[in-house]
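Dropping the structures in below, format is structure tokens.
Next come two complexes, and both contain subunit A; in the first it sits with subunit B, in the second with subunit C.
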Partner chain A sequence: MRFSVRLERVPAVVAMIVLTVTVLGPLYWITVSAFKDRQEILLSTPTWFPQTFTLTNFQQLFLSTDYVIYLRNSIIVAVATTVVTLIVSLAAAYSLYRLRVPGSGRIAGIVLVSYMIPGALLIVPLYKTLSGLELIDTFAGLVLVNVAFTAPFCTWLLRGFLLAVPTELDEAAAIDGAGPARTMLRVVMPLMVPGVATVGVYTFIFSWTEFVFASQFIVSDTLKTLPIGLSALVGQYTINWGLVMAGTVLTLAPTVILFILVGRFFVGGLIAGATK
Partner chain B sequence: MTLSTTNRAVRTVGDRLRRPVVRSGMPASTKLLGYALVAPIVIIMAVVIAFPLVSAVTTSLQNQHVIGSPADFVGVDTYAKLLQDDAFWAALGRSGIWLLLNMIVQTLLAFATALLLQRNGWWSTSARTWIMLPWAVPTVAVAVIWQWMLNSNYGVVYKIFAGVGIDLGAPFANGAFSLITVILVNSWHWFPLSAVVIYGALATVPNEVIEAATMDGANAWRSFWAITFPLLQRVLFALGLVGSLWSFNVLDSIYLTTKGGPAGASTTMPVYIYDTAFSAFRSSEAAAASVVTVIVLAIAGMLFFRFGRPKEY
Partner chain C sequence: MKTLNGENHMRSRAIAAGVLALATVLALGACSAPSSDSRPNKQIVLWHMENTPSRVKVFQALADRYNATNPTHTVKIQVQDWGQIYTKIAAAAQSGKQPDILFAIPDFTTYVRGLGLGQPVTDVVNRVQATSGLVAASTAPYTDAGESWAVPLYGMVQMLWYRADLLRAAGVQPPKTWSELLAATKKLTSGNTSGIALPAGKNLATDQVLYSLMITGGAANFFTKDNKIAIDNSKTVAAFDLYAQLLAFSPKDSGNYSWPEPQAAFTSGAAAMAIEKGQYLAPFEAESGRPASDLGCAPIPVADNGGMPGSIYYSNGAMVLSKDKSTKDGAAKFLEWILDPKQYGDFLNAEPGLFLPITKNGGTESNWRQNPTISTYKTCVDAMLKQADTGTLFGFVDGQYVKSIGQISGQNFLAQAVQQMYVNGQTPTQAVTWIQKQMQDAISK
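Up next is the complex of A and B:
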């Protein structure tokens, strides 16, 4: 590697260093803290690397808290939300931006405008609606709400991917005698894999991180998701920081790992969908 | 620059506004399939958004306390009470500040980041992926991370600042700083999304045009405003509209760090509504606040749409 020191590059290099530290520094710090023992974590002069590398915090997390239950619940909610959102938004995008049924412009507009109404403002009447449907304190209720707050954005994002699939393919399929449903499932959908991946990652992360609805619409301890469980750890009278750090690391680990695996494709897909 | 380049480069959300081509000869079976496919999203939006919105209006005309408890019709009394409540106006104002500062901080960060991502070299290539990590971190973890790092006894950021003689105090617990602290934390969480979208939009700006401008003697600043910015306008407009609404909607970042405090210093509108409904048990007032806020946002949105929209829309 050649290190060329050119004065004009200094500002950019400084900006890169600042950005790297700002973005990755906190994640590094929380991770190393989780592996420190009780004394080291509270040292008044912080250590940059764990001197007392220990797994006690994680051990305690699994033994003395309901972390495993929260983890299971989060996986159920995130996977269910992702699957339902994918089906709903793929279907809607296909109808609105491919088949273009009469009135599709208006329907797309109404869906997007209702998506823009901040959900936090609707939490009170939404609670009432869900309890009327007997969906309070159920995964189904939480998934329904999550889908409503992801599907419109995903439908719009899929639009860009659909437009990239040439319509000649549909016509060719029609000439070959394929009906509209067959054309959709056999011809267009297989070409939508990058779009599906992007929308899937977006939805998974949205529901994995969702806090506000989960905190009000889930009541039972056995149904709580990870963010709620973690906030309960923080809310205790004397915070056990080591335990909180371990809980935090294990809460963000799944999304970070997902990102390391497919992040490149996700970013590419987001850009393709949003700038089309 | 030709018009077609402009169009290709900046086509965005707004396309949905164009009338779709209605194919007159669409077969009935296709039509049926189409409506069946779009039905689920319409039903879900009706149940989760439209119906609660109507329900908010009805609740706001009653005097309900605990959600769902029996209540009497009181007409606009709740609104009269709400509009006289200083806390309501303070929360609305704070939401305005929240929106504006988040927008400024995140736009600056996102633009700077996008320009860095555009460069060549291993840093930019790898950063295009890891830059998104703060967005993928659950808000509750974001709250823990920053509370931990800013903790005045053990926090590493606190210590670093103390090392150079700056006493950060307790930024989440200090009424003068709590709102701005949460804004910075929230910006850390959200700027990557805008950064990546802006980076993507920048990539659609044809290089040859910039090079031609440079050869004609335009400096970087001038070619940015004359070429890049106009091409970015559509993306920025869409991002501005959706980003503002997402930002307004933020409740978790605030609730998990300051709970709206101290003494209401970081209580934005969503926090006010949440507290009024779930802590003070004044459902009708919370519903009335929701209705008023939706109206204010709708007006703001329409004004933004009317005046902020790029011309070729």
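Up next is the complex of A and C:
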């Protein structure tokens, strides 16, 4: 009996192993390559572990590129986008799905449709709009565009969490004299922490990895974010693989740490948000 | 129901206040970030797409040096990306936010002019021609209707690179003709070593290598006098056939190759030959662990029948976009300053070996000649300069100026034709018929 149960688990275990190797294999390769010298990276017979363990790639990254500036800029843009998206999507979700203002169903549909428009198609009109607002080449402009693309999805994502909170709580809060804003902030929101964490992680990763808008709406070197800085390491005609690997490892690190800290909220949150 | 007690109340208020404060600080910080639009009147904004760290550093150092001479207009550099520049300059043009100087290559220049941007710089080019002399291949692709539309700054030319150690071991001489190239490729292929590494991805790298072979096969000009496509001919078929045969001896993943992969295969010894520009020189010793003498170079092999020496040649230049006369004059002064022998060598050293001088006295410029890469590989550098004399580029052959070339180069039709053979199994004749139609359709739209 026990043997047959174990046999039944074999396909699942094999699938998990294959999936893990597929997902983590490239990450492993990038990480070990970051610690190899230029010659070892290009060996025709690759080495599984660095034979020439070196930190030169990381030293060069900090000394010969503006990595620290890109990192600072990415943190500013990602945190600002996350905070603004949280505020906007929480308020929007509460008003659309909880307060049931007239026409909220249609508005909710329109909001979701706007999420489905490919961003690349909007580059020229967005450039003109931001230019008219004097927001080209500013963090504010980039954050504004990022929020425009994250807030609709996050608003929809929060719907599931809102529906899970009984409306009786709102009614009880109203009897205690709380208005809609206070009810949302002090009654409903504390019960939606997994949803807030999900939205926060999703938005942070979106803006941390966002490339298209950052490459179009930022022109000054001092305002460039990490994806743009990293792409510059893969230059036309030439490439320093060690530098690219070191940059990639350090760029991945914050999102990996974030996932380790709140990853279980994120996975659970996505499922909850999508199914309720 | 949870009670709204004082402690929770205070905590909620503190959290809300903290979030709002953080949002305010970040928003203020974001809004206070500098903007490219808030520039002084006497400043020239320059966009270049040479975004690798070493090039960025050298160009910025030169701009700083120029600004220290107290010019009428100072120069502010903003680094862009080749992959994004087509969309970005279009969007900037629509908003009137284009830079004053824009680095360019010939087909990109036709695109930018199509956006209504670009001023003639004929007077600047004439002055540089008079003082320093210009390589003909560098100015020709920017000349239209008697006017120059960009000031050439540096050139790039392709060569046949070979691993001298591998050729020596196999008893192979550097090939001079197509048949010798094919025979050498076959002989050098053994075990884990491919005879040659060629790109076959849908990208500009594949376009360029195939076009070099088309040039030496006499198929460089594929436009009629009235700018229609005339690529479907026996010479093109022969060049395509050679490329297809060579690909059989290139690494199996060549279908995804662009610029870096053939170089990595070549440097590591996984391939004995490659066709590319001078970027192979600088990193060779560090990445291969071999002495510099193991890096050999030769002109692109020519067709056995009716072949001619040649190679693809990219003249990289700078367009002046500003219409304001004072700014235009300031831009012209800066570009002439760059080409002055006192600093031109330093400019070329931004990517030694890849960036070749376009002025006739630039080839002897001491700062450039003394660069370790240039002096170590002097023979190959001189060979590239000689190859540049026969260099040309599609759409600009023999004084042509095909305004619709951007619609062809932008879609990588040559590379797509390679994929038709390499991936879809078409014969060279079928691929040439296919590309004739695709190109004609593209320029007819």
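The rule we apply is simple: the second predicted complex is superposed on the first by the 258 of 276 C-alpha atoms of A that agree within 3 Å, B and C clash if a C-alpha of one lies under 4 Å from a C-alpha of the other, contacts with A are read in each partner's own complex, and residues count from 1 in each chain.
Operating definition for what follows: a residue touches a chain if its C-beta (ideal position, glycine included) is under 8 Å from a C-beta of that chain, and two chains touch if they have at least 3 such contacts.
Computed from a predicted structure; not experimentally measured.
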Simultaneous placement of subunit C and subunit B on subunit A, clash or fit: clash
First (subunit B), second (subunit C), both or neither touched by A:Ser231: both
Which of subunit B and subunit C A:Gln216 touches, first, second, both or neither: both
Subunit B versus subunit C as contact partner of A:Pro50, first or second or both or neither: neither
Touching partner for A:Lys128 - first (subunit B), second (subunit C), both, neither: both
When both partners are placed on the shared chain, which of subunit B and subunit C touches more of subunit A: B
Touched partner set for A:Pro194, first subunit B, second subunit C, both or neither: neither
Partner chain in contact with A:Arg38 - subunit B first, subunit C second, else both or neither: second
Identified clashing stretch of subunit C versus subunit B [21-29, 57-65, 75-83 or 93-101]: 93-101
Residues of subunit A contacting subunit B in one complex and subunit C in the other: 42-45, 87, 123-124, 127-128, 131, 216, 231, 234, 241
List of subunit B residues in touch with subunit A within their complex: 11-13, 15-23, 26-27, 29-31, 33-35, 37-38, 40-42, 44-45, 47-53, 55-56, 59, 67-68, 112-113, 116, 119, 123, 127-141, 143-149, 153-154, 156, 159, 188, 192, 196-197, 199-201, 203-204, 235, 238, 241-242, 245, 248-252, 255-256, 269-270, 273-274, 277-278, 283, 286-287, 290, 293-294, 297, 301
Residues of subunit C touching subunit A in the complex: 1-2, 4, 8-9, 12, 16, 19, 22-23, 26-27, 29-31, 33-37, 47, 49-57, 77-84, 87-88, 90-92, 94-97, 156, 192, 259-260, 264-265, 267-270, 277, 279, 282-283, 286-289, 351, 354
Interface residues, subunit A side, partner subunit C - complex: 38-39, 42-45, 64-65, 76-77, 79-80, 83-84, 86-87, 123-124, 127-128, 131-132, 134, 136-140, 142-143, 168-169, 172-173, 176, 178, 185-187, 190, 215-216, 219-223, 228, 231-241, 243
Complex contacts: residues of subunit A adjacent to subunit B: 12, 15-16, 19-20, 22-24, 26-27, 29-30, 33, 41-46, 87-89, 91-92, 94-96, 99-102, 104-105, 107-112, 114-129, 131, 133, 144-145, 147-149, 151-153, 155-156, 159, 179-181, 184, 205, 208-209, 211-212, 216, 226-227, 230-231, 234, 241, 244-245, 248, 251-252, 255-256, 258-260, 263-264, 266-267, 270-272, 274-276
